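One chain, subunit A, appears in both complexes that follow, with subunit B as partner in the first and subunit C in the second.
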Partner chain A sequence: MKLFNVTAGAVIAATGLYNAAFATTTLSIWYHGAGNKVESKIINQIIDDFNASQSDWKVALESFPQNSYNDSVTAAALAGKLPDILDMDGPIMPNWAWSGYLQPLPIPEDHFKNFLPGTKGIYDGKLYSIGLWDAAVVLYARKSTLKELGLRTPTLDKPWTKDEFDHALQAAKSSAKFDYAIDLGMSDKSEWYTYAFLPFLQSFGGGLVDRKTYDTAEGALNGDAAIAWGNWWQSLFKDKLAPGTSQDPADHENGFIDGKYAFSWNGNWNAVKTMAKVDDVEFLPAPDFGQGPTIGAASWQFGISASSQHPDGAADFIKFATQDKYLAEFSNAIGLIPATASAAQMTDNYKDGGALSVFFNLSKAQAKKRPVTPGYVVESKVFQKAAADIADGAGVTDTLDASVDQIDADIKRNDGYKKN
Partner chain B sequence: MRSSLTSANREGWAFALPGIVLIFAFIITPFILAFGFSLTNQRLISPNPTRYVGLENYQQMLGLAFVTLDAKQDPNGKVATDPSGHPEFPPLRTITRNADTPQYRGMQEWFRWETGTQAHLVIARDVVFWKALVNTCLFVLIVAPVQAGLALGLALLINQKLRGITLFRTIYFMPVVVSIVVVSLLWRFIYDGHDGLLNNMLAGLSFGHFHPVDWLGNPHTALGSIMVMSIWQAVGFHMVIWLSGLQTISPTLYEAAAIEGSSSWQTFRYVTWPGLRHTAVLVLIVITMQSFALFSQIDVMTKGGPLDSTQTLVFQAVQRGYGLQDIAGGSTISVILFVIVLSISLLQRWLTRER
Partner chain C sequence: MAAIRADNHRLRLAVRYLVLILIAAIFIFPLMFMVMSSFKPSDQLLSDTSSLRAFLPVGDLSLHNYMGAFERAPVGLFVVNSIFVTSTTVLLSLLVCSLAGFSFVFLQWRGRDVMLSIVLATLIVPFETIAIPLLLEVSKLPWLGLSGLEWGWLDSYRVQIIPWIADGLTIFLFVQYFKGLPEELIEAARVEGASWLQIYLRVVLPLSGPVIATAAILKFLVMYNQYLWPLIVVQQEQYRPVMVGLQYFFQLSPAWGEIMAYLTLITVPVLAFYLALQRAFIASIATTGVKG
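So, the complex of A and B:
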């Protein structure tokens, strides 16, 4: 037995030595883009470049389809099998940080001082995640349509007011040239609802929760401003200005390109594809419903799991991946907003005078993060149901009251989502 | 009996072992866990410790109350009416968000009926649960008899010695082999409210007189549409079970009936149907249990909407457990569903017992 112990000790010591001297340590990374060829190509390129650039670490990628990504992470966390590096949708980060899945990035915040605010995942005063890009939602239109309907082209400084927006939709409807005036993407019953439609509610003066205390939705989600939003929202579907919740996903995908819709409230990740098919597409900023125009901020970001044994290696990779050239590459491929101004200059669409350059400033000026609280995950689901139900004709006040009750009950059941 | 189960039957137990282990691991253990979770505030993910909360989840889910609202009156005591002459009622929040009636806080309207200037409301702590319960029961009540009946009809049709009958058997059985997710996606196109196959077909058959219906987008047609599609999808499976029952009936009985000069209805009523007794019990119980588990169609086609018209218990259990991270709530629904299915199965066993 003793002999065995000695031998075992020697073997372990030898292996340890070997590791320290020659071997590289493997870091695992999870990414949500399985099935997306363009994204996969770039992320693989970054990983290959990183692995070739040094010999301490070897990053190994595992990709998941976006629809099941969050479930996979939750399941892995419960089983204690999280990877070293994982990417996450910005607004979910506080929930995972609060749950103890993530550790703050061991990188001084200063390193990212040039990054757009929407790309930095800050919770509880600490930086937990960083994004290579931000996304923006914009109003797709055709120059020819605007001209034909006699509509003013809104600008960042002077966006459409509520009346102008309503008028534009009515004008598109009465022209009888389109199936519907606007495609809101109602078929995409997911985080899209909160991401795309919460800004409308906020521009009306309402909100998802009280952003000062994060301990109630009372007043924010069922106050006068929220009810005004709800009535307006319902009217879009009652007046047949927008297709409702039973919209065919294929129509959401191609309806604007095919000319079925005059406008489309859509993410700028579809911009490159649309520009290729619609010559005179024009991207318009969000309308102002009274309290200033806002759009959702924070897209997918990288963070380090709490269970990672090698946060230093993970940090090295994140620093490597957030170089300007990779930000620019991602932006060129999928049309997202690069995280830094210097990277923006390296892209086709966001450099000065580029087709999408206005959105770099738009993101800087109008982007507002969704509520930064661990409770957001549940609150977002509640909002999705409320927005769908109101669109389907449910009583506005009762629906919003019910949503508030549900959010408040959830916050209470989680002891206010406070850090213990 | 006892001796053959316990002794000298090692091979038997050995053969049964894998099945028993799987049932324990994936059915019995999760159920015991679910029952335990339903008495706590278990979250999907949370750094906070889980607490025992007793029956709070059940109270929250099952809580109902009955309230009456008086129509709004103008200062002269005259009942306020909307332009169509219908009395106007104050919003429910005058009760549910009223400091004088704190017991109604957090409750929502389930349904109401009106008598003159009064509206009577049933309000619930968890309206979605009640709607899901009603929808699920409705689904079972309609799908079980219709699907079983259609399956029997198809089985009788294909239980003949005709040239090419295998082709029909294959066609009727085909939807069963296709994944329900794929079937649901296809039916989503069929039901499309704008230019779906069904609308186009009906418009063609009625020479354009038919107005397109948004089958899945209309609260009145959504659940019915899903019922039709579900019946079509699984009818082949039960047809095969009926067919196996039909083929166990001895041909001599039919010959005897023919000699006695019985009509085809009499043959069915007094020869075929009694011979299918055990099959009928099996088919009914299986359909009932499958219908209670309605989930995939909802998840793919409607996500419970529009206006909760297609919410079901299993969909809600998953929605709460994973979507709202409320494992305790999802478990509570599972336990309630288990109790319902168990009592219905026992009742069916009792009703169809050998007398």
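So, the complex of A and C:
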């Protein structure tokens, strides 16, 4: 009987060890690309490759529509139903980390040392997320337009100054060949406003919030530099240089291609489409309004939820997904900037001499992250309203002062967004 | 004299029809725009918006947008999900709310008036204010299913149906309608020895066609247009309804042609349901109008 018990115990233990050794653990991943056929195809390919490459982990994808993705994640966090891995838009990461949705990546930062700065989600000194690509905003122009208007072609080393930029807009208006000198994308009333227009304010010397303390917007958003930006910003619409907030989305979509606008302040995700329709399109770097030219940085990035029981498996997947070949594949498919220089060389557009290689250098030289603070989600909304109101003719000083009050009140309400 | 009178009559008729046609056009033009645009490429669709061409079947027409819509999203799955959730909720709602209305009007029980006031008070509470508490509640509720006892209702059909079965507006509609039924009928049935359930089934319900149609249409529209609730309680694609599915089409560059095709496809069940119940719905409104 004793022998039977020992034998049975040994068999059970051996079976348990066997199962443990060969068990596959499922990891859930949420992605924002539902409805995006191209992105869905690549992310599914990466997951299939990862699942086939090893037997410890099986990644299961759930895709969400981008527009409602953040709401889905927030609701799931409240209900305690977050997946193991989730992707997030770069500037929202600090808020989710502060809210306790995320845990730092268990991957040494050194692993991503070759990645563009904008692709690394660092908050409170810890790496929480990593992106496969970054995005950039540039000034779309036609070579023929620059020539006809007698304008110098700006470069990364010597971008247009404020005077040169203003002169270019006035020249385009005076030529009477265009409906407006520039399309700023005012019909896209979303994060675009902060992503695209905050760099102007920063180049004037202002900002959304005091980046040293992140506990007030006083001085940054309503100081002399910010007021100078506000007056300049308002003049673009008052002088009919750019269509205002009532811009028809159809015009924003096709206006530059159709020749309605001389310039377009636009993202690189529209570059491939534009190149196909405008032979002599030229991508120009952001103007320097006095304090150096900047553009927005940080796009979608992968992170690990705080509730994940398998951060090691999640980290394995993230390392797998951030291989150069996948960065290049995404870039070729959706036109965004691959996260590393080596991946850029594997792409059609971003390799040396490629049609979009200017974007890679631009991202390296001019990209500046939006404020890395949990309060950004509110600050961005406040800025969006202020930019729209000023464009619509609201008093600059009053609008910016009111915005500062709102941001400061939010920071105070959240006890300074102190780290947990 | 008679000729002048006839002319005036014709003129008044013409003006009346002109006004009616204009009003009808205001309501029908968006639908026409949606349907016509669903056959046009996005570029043409956008350029047509600045002229009357937007409402006409002109230019490069094809079914590409429909094919694109089916490629981009599981349209059939979303429509089936919405129809299942909506029809189940409507049926259960009609049953539960009509029983509640019957109880409020015909049965005598302690606290009835207070309870009715509480039910009516829920009409002024926006759903958005209770969405988060409700989410927390349903995420922890038990459910005895085929696979045994499980906790949490998220990612299911039941979480989209059960919280919406009873609502103040539908109960209110039934209460108001039942109050208008002749009391003699109920009393006669009682004298004949009918139970309350028999009265509900054989006397009250057969007389309630118009209010049932009205409540069904209103509930159908609310359920079919659900967005916020399924967005926060459904994480798996297999349970998503049409309105959440619409978001699949809003990428960085929205696919406007496919959006119009998708909207046309998901509008068909609503129109079909409305046309099926149109007579009863109009009868209900007419009855209410006479009473008012």
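Here is the rule we use: the second predicted complex is superposed on the first by the 397 of 420 C-alpha atoms of A that agree within 3 Å, B and C clash if a C-alpha of one lies under 4 Å from a C-alpha of the other, contacts with A are read in each partner's own complex, and residues count from 1 in each chain.
As a working rule, a residue touches a chain if its C-beta (ideal position, glycine included) is under 8 Å from a C-beta of that chain, and two chains touch if they have at least 3 such contacts.
Computed from a predicted structure; not experimentally measured.
Once the two complexes are laid over each other on the shared chain, residue contacts for A:K37 go to subunit C alone; subunit B is not touched. Of the two partner chains, subunit B is the only one touched by A:D389; subunit C is not. Once chain A of one complex is fitted onto chain A of the other, the partner contacts of A:D71 extend to both subunit B and subunit C. Judged by the touch definition given at the top, the superposed model places A:D398 against subunit B, while subunit C stays out of reach. When the two complexes are overlaid on their common chain A, residue A:N270 makes contact with subunit C while staying clear of subunit B. Subunit A is touched at more residues by one of its partners, and among subunit B and subunit C that partner is B.
Once the two complexes are overlaid on the shared chain, A:G80 sits against subunit C while remaining clear of subunit B.
In the superposition on chain A, A:Q291 makes contact with neither subunit B nor subunit C. With both structures placed on the common chain, the touch criterion links A:S246 to subunit B but leaves subunit C unconnected.
In the superposition on chain A, contact of A:Q345 is made with neither subunit B nor subunit C. Residue overlap on subunit A between its contacts with subunit B in one complex and with subunit C in the other: 71, 78, 248. On the subunit A side of its complex with subunit C, the touching residues are 30, 34-37, 62-68, 71-72, 75-76, 78-81, 248-250, 253-254, 267, 269-270, 273. Those residues of subunit A whose C-beta lies close enough to touch subunit B in the complex are 71, 74, 77-78, 95-96, 98-101, 179, 189, 243-246, 248, 251, 377-378, 381-382, 388-389, 392-395, 397-398, 401-402, 405, 409-410, 413-415, 419-420. Interface of subunit B with subunit A (complex): residues 41, 43-48, 91-93, 96-97, 105-106, 108-109, 127, 188-189, 192-194, 214, 216-217, 219, 303, 305-308, 322-326.
Contact residues on subunit C toward subunit A in their complex (touch as defined above): 43, 46-47, 49, 71-73, 132, 135-136, 139, 152, 154, 231-233, 235-237, 244-245, 247-254.
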